[in-house]
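Chain IDs A, B, C and D follow the sequence of writing; residue 1 opens each chain.
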Amino acid sequence: MSKPKVGFYWCASCGGCEESVVDLAEAILDVTAAVDFVFFPVAMDFKRSDVEAMADGAMAACMINGAIRSSEQRAMAKLLRRKAQILIAYGACSHQGGIPGLANLFDRQSILQTVYRDTPSTVNPGDIRPEASTRIPHGEVELPVLDEQVKSLDQVVPVDYYIPGCAPPVQLLKDALAAILTGRLPPKGSVLAPDKALCEQCPRAPSKPDNLLIDQFKRPHLERIDPEKCLLAQGFLCLGPATRGGCGWACINANMPCTGCLGPVSRTRDYGGAAMSALASLVNSNDEAQIAAMLETIVDPAGTFYRYGLPASLLFARAGANADKGGHEP
Amino acid sequence: MIRQIHEPSRIGVYVCHCGMNIAAKVDVEDVRAFARSLPNVVVAKTYKFMCSDPGQEMIRKDIQEHDLNRVVVASCSPLLHEHTFRRACAAAGMNPFHLQMANIREQVSWVTPDCALATRKARALIHAAVRRVADHYPLAKERVNVHPAILVVGGGIAGIHAALVLANAGKKVYLVEREPSIGGHMAQLDKTFPTLDCSACILTPRMSQIRTHPNITLWTYAEIEEVAGFAGNFKVKVRHKPRYVKEELCVGCGECVSACVFKEGRVRDEFNQGLSKRKPIYMPFPQATPNVAVIDPQSCLKIMRGKCAMKCVEACPRAAIDFEQREEHTDIEVGAIILATGYRTFDARKIPEYGYGRFPNVYTMLEVERLVNAAGPTGGDITLRDGARPQTVGIIHCVGSRDRRHHPYCSNVCCMASLKMAHLVKERTGAEVFNFYIDMRATFKGYEEFYDQVLREGVQFIRGRVAEVTDWAIRPAEKGKLVIRVEDTLVGVVRRIPVDMVVLATAMEPQEDAAAVQRKFNISCSQDGFFLERHPKLGPVSTFSDGIFLAGVCQGPKDIPASVAQAGAAAAEALCLVDKGFVEIEPNTAFIDEAACSGCRTCIPLCPFQAITRDAVKGVAVINQALCKGCGTCVAACPSGAAGQNMFTDAQIYDEIEGVLADV
Amino acid sequence: MSSNVTLPVAKEFEPRIVAFFCNWCTYTAGDLAGAARLAYAPNMRVIRLMCSGRVDPEFVLAALRQGADGVLIGGCHPGDCHYREGNYKCLRRFQLLCKFLRQMGVEEQRVRLEWIAASEGDKVQKIANEMTAQLKLLGPLRLQITPRVNGRPRAAECPPAPTKGVAP
Amino acid sequence: MKYLYYPGCSLKGSGRPYEESLLSILDRLGVAVVELAHWNCCGATAYMSVDEVQAFALAARNLCLAEECGGPGDVHLLAPCNACYLVLSKAQVYIRQYARIGQVVAEALRAAGLEYHGRIKVRHPLDVLWNDVGVERIKKAVTQPLQGRKIACYYGCQVVRPYATFDNQHNPMVMDHLLRAAGAQTVDWPLKERCCGGTLTGTMEEAGLRLSYILLKEARARGAQVMATACPLCQFNLECYQDRMQSRFGDGIKMPVAYFTQLLGMAMGIPASKLGLDRLLAPPKPVIPTATPDAAGKGAI
């Protein structure tokens, strides 16, 4: 009996998700014993044409990490969707748009200007920009076209499951693989992680007061952090109450507040909205000016509460910023 | 906690014409047809008056015939008729909470002049209701027993009457008054209009009934500190101010007052409006109830400086004086509360052109009431500050009322009070009396006849708002007099009327602390600052807080008969509640889905009623259903969607949002 | 390509306003406006909640997502909350939400919090008119929404299907 | 706090004693004022009656200039003449409340390269002395109290009505309080904000004179020895026509009419020459002993 075929592909991502596979350590041997990788560009030499040559549905499962921002990524997502029976969005970017998704706060044109013209380290006197197609003596070469916005995978193709995290915790990957191999999968559309918030079994939970109100929001890089006490009780914006558990409190254990990479639990419509509602409610003042002063220290609400999920949020992107249509494919 | 999976929705939609109230602006037929086209709607009908018996009967029949399990009524505000339609649904065997109303009268037909736009808005609201109602699940009201005692706040005529009605009905009543004696403003009046009864003669017996009634606990010199709980089960903390005289020992003999080291009164006598002086230890007024002395800590040497010969202590034969008295608190439980906190009079200094506070012979009506009163500072002699008798008196109406700079409302009693005063002044002094009015309002039983009588007595009436009262004499006849300058609008000339005495009919206005009291009791104030009744016509003594009723002027300016009538009505409403024995509580409480709760405790500090605690064993939040009032603050704050609110679930609200926004 | 949802542009743009009114003050004020026949722009659609403290920022975002051009939250005046402090909790959330909305390019006139007492029917009228006029000037809210391509339920797109309740 | 000082035409002409005494006492009280450069007519009196909008444009130009040199935030513009105070305040209100007037004025300003942003607070010396300086500081500055001299405080028709909020519109008291702080007694008289005749005295002398005469007569009847005023035109009407009143009404009133700032200055021991006392026709000297120029000049201006 042949082993199930599995693919692993990356789009707009940092490579951390691949690292999370390597983090399986010796367990990776069990994985390779159980499945055949038929597509894994980072680790193995397969080409797109190899995938194109496969029959539709030939792969038992394919995991895609990274957000979708270019014509190439979109094309690959569609291709892999056809070839895989189960398509899994792997990691925060694929799941919710991830950190690349914060680009949706700006329009494409200004991003290109910043990158190719305005940053202090840019030396580009001719203002040379990547072109979709360039004529060179040998003919015409093409580059992927950068889309107007960053999208999560499920905004491009139908997705069956999600493995959350930036990068996904090893245990979630192990559990997911086991579920795929045994066929004991939850209903489609599920996020393959616990559906309770991180606080549930947080090692610091016992130090959280029942009647916590917050007088001042502190920023972790400016303060000394007590390594044992509940971070929220210390005034640090820990997003644990709003974030899906399952990460093993990696950040908390490293004495850093949760930044929300596993995204919301299933009952939340908008992760940032829920997190803002909870945290702002705890502001210990009824005075308009004082509340405003306390919220001053949350300098970047979008970056704080939507760090991993602006594209999956209800607003998706900055309103009305869509002036530049240049990047769109027909 | 259970998950309810209900059968497929079968919705009936009922669009009310409300006569022409809705039908004149909303194309009810169009709306009906639209509703019928929506998914899961099996029947949609219109009717002239849905709240009428035939209307309700139609709904009831339809529920049975069409096997409906959800009903949407598009009519007036749910605050008006939700109960009516819930009853109709329940009568047909449907869970009453499977009803949703769309407010297409107050929020559509009455506020939207354009028919097409009104119809469109009505469609949107009905669309939202139809979507929402599909999410409803069965609920039931909880019954809570009612504590049989009743609290009456304020011991003026309204509070006194309400307390007596309730006590006579066999109910335990607490009457709390913040002054040292009950009686209120009525005790200060000389005569009452239009019958000219002696105010004290009709009030005093009532006051002593309060004192002796076995069912009434009277606490004077006491204030309400805190109110918690809800209809049927209020927990009230009462603060007793120290009067430094033991109430149970004092018999009101007055020996202490005569003995006080102050030989003469030096302190403004509140009861006489400052027209006389009292001592630091004093009897509030001759008929005070309880008839007990009180020591004013602001002027008593012993209390202020710690040094005094304390002649009062020596003089008291019953050793009732106790300088060690401190503030005390009592906690009581009551089922209903009647607020009868009364009013204060407008400060005439705010209209400097009338000269009150500048010219000694400008008085307020209440001051003159004391002057006229035989028990007042002059023994009933109407004299000016220098002892002279006024030959001419001007009474100015609407001082502070019907005035955009101060109170736009009509103060209701000033016309009649001014007529009464004109009569009394003329009768006692023979002076010529001028009344300056804007409009004469003499609308109740016997009032117009009284007006007519006063006219025939020769009192002069000049229609016009007085411009100023001045001591600037420009004619010899004006020398040494106060001149009232007014446009006589019936003649069309500006007149200068020299008088010896000016009486200002000052407006009734809300008590200074009305806003604080309103917050304490969790009720509302109307724009004028008086307490807001539940409905101006149909709920004039109820408030938006169940179990709290209003009596007397705290709800709006009114005279004695109206105050007493309203007090009786408030007492009856309170009796209804207490005699029924239970209240039903809307099941809009919040709850926690334990399977979803991470135990993050965000909700716990947000609950204003301390209804949420943490179950340490399960590590989840728990909401005490008896304490939860259903605001939903915790639900909105829950970051992981574990908290929900009955009647206002997230799903229901999202459906409404989508419903009102759909292009329909 | 992304399907940018744009509102149908009528002859004159008619903004859509979703209003969340608390039961005790603002909703009652709305009824009072009706009883007093104070006509106002029909663009506002009211959703009744027991308290402004029930207003979850997610509701505001959902309304904007669903095509609202503006959202109005109406609560009791500070100190007057029927539930003591729900309006303050609302105020705290509202302030943070506004900060976020500004970053997202949502003009501040689009999302408002107003204290409207039960007696202030005229204020309901005034604000409904004022907001409608302001939104007409601003034009439609141009959100660039990319919906999910498959219809499978996920929390961020679909209402949670089963409703929960307390056993009566 | 710094104040921009808008003198208007009067304080440079017939009202010079007002300017001199005001600046002297402000200096003594440590209040810094800077005269607004390039100011023009406020737009009062005849202009306002003939062409209201153009009068507003004149006023607005001054407001713009003040805003330009007043720096960021609220700018306090001190307008001592009652007419200036009224017109500048009125212009602010009309520009804001009536779009049509606001537009015309804005156009006119644009032609001069100006724009008004509404940052000006128009202040009267009574307001500044009462609210910003405070009675306590004035009491401290008094070296030669006015020794119970009876003064009738005459506010005039313009200063408290209808825009001012610093005093009661029917019975203003601020000037009374200030002069009492300087040791004077003020008489209670009911004509504090009645008309002095204004410009009528120049056009319909009969009517104007009568109005002024009523004021003086009543003040005298109340025992006043001096009348204090805060308006150049009032001062002029009440003082300069006393002879003519005598011939017309057969009643010789000789009552000094001084600016309240002069009386405050006298109480502070500021020499007469710095208070413009010598410019008055009937100086209050006979009734109020003034400081000897040298003795009182110590440490003064």
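Note that a residue touches a chain if its C-beta (ideal position, glycine included) is under 8 Å from a C-beta of that chain, and two chains touch if they have at least 3 such contacts.
This structure is a prediction, so every number in the text was calculated from the model and none was measured.
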Note: of the two pairs B-D and A-C, more contacts are counted for A-C
Chain-centre distance (mean CA atoms) for subunit B and subunit D, in whole Å, is 49
Go ahead and note the Å separation of the Cα centroids belonging to subunit A and subunit C.
-> 30
Averaging C-alpha coordinates per chain, one finds the centres of subunit C and subunit D separated by a number of Å equal to 53
Between the Cα centroids of subunit A and subunit D the separation in whole angstrom comes to 71
Residues of subunit A that touch two or more other chains sit at 264-269, 274, 277, 279, 281
Would you pick out the residues of subunit B that each touch at least 2 other chains?
-> 606, 633, 636-637, 641, 650, 654
Listed by label, touching pairs are A-B, A-C, B-C, B-D
For subunit B, which residues count as touching subunit D in their complex?
-> 351-353, 358, 468, 470-472
Residues of subunit B touching subunit A in their complex?
-> 596-602, 604-606, 613-614, 619, 633, 636-642, 650, 654
Using the touch rule from the top, collect the residues of subunit D that touch subunit B in their complex.
-> 168, 170-171, 188-191, 218
Quick one: which bits of subunit A touch subunit C in the complex? Just the residue numbers, please.
-> 105, 147-149, 151, 154-159, 188-189, 264-274, 276-277, 279-281, 283, 285-286, 288, 291-292, 295, 298, 300-302, 305, 311-322, 328-330
Subunit B touches which residues of subunit C in the complex?
-> 8, 16, 18, 23-25, 27-28, 30-31, 33-35, 37-40, 42, 45-51, 53-56, 59, 62-63, 66-68, 79-80, 82-86, 89, 93, 117-120, 125, 155, 159-160, 162-168
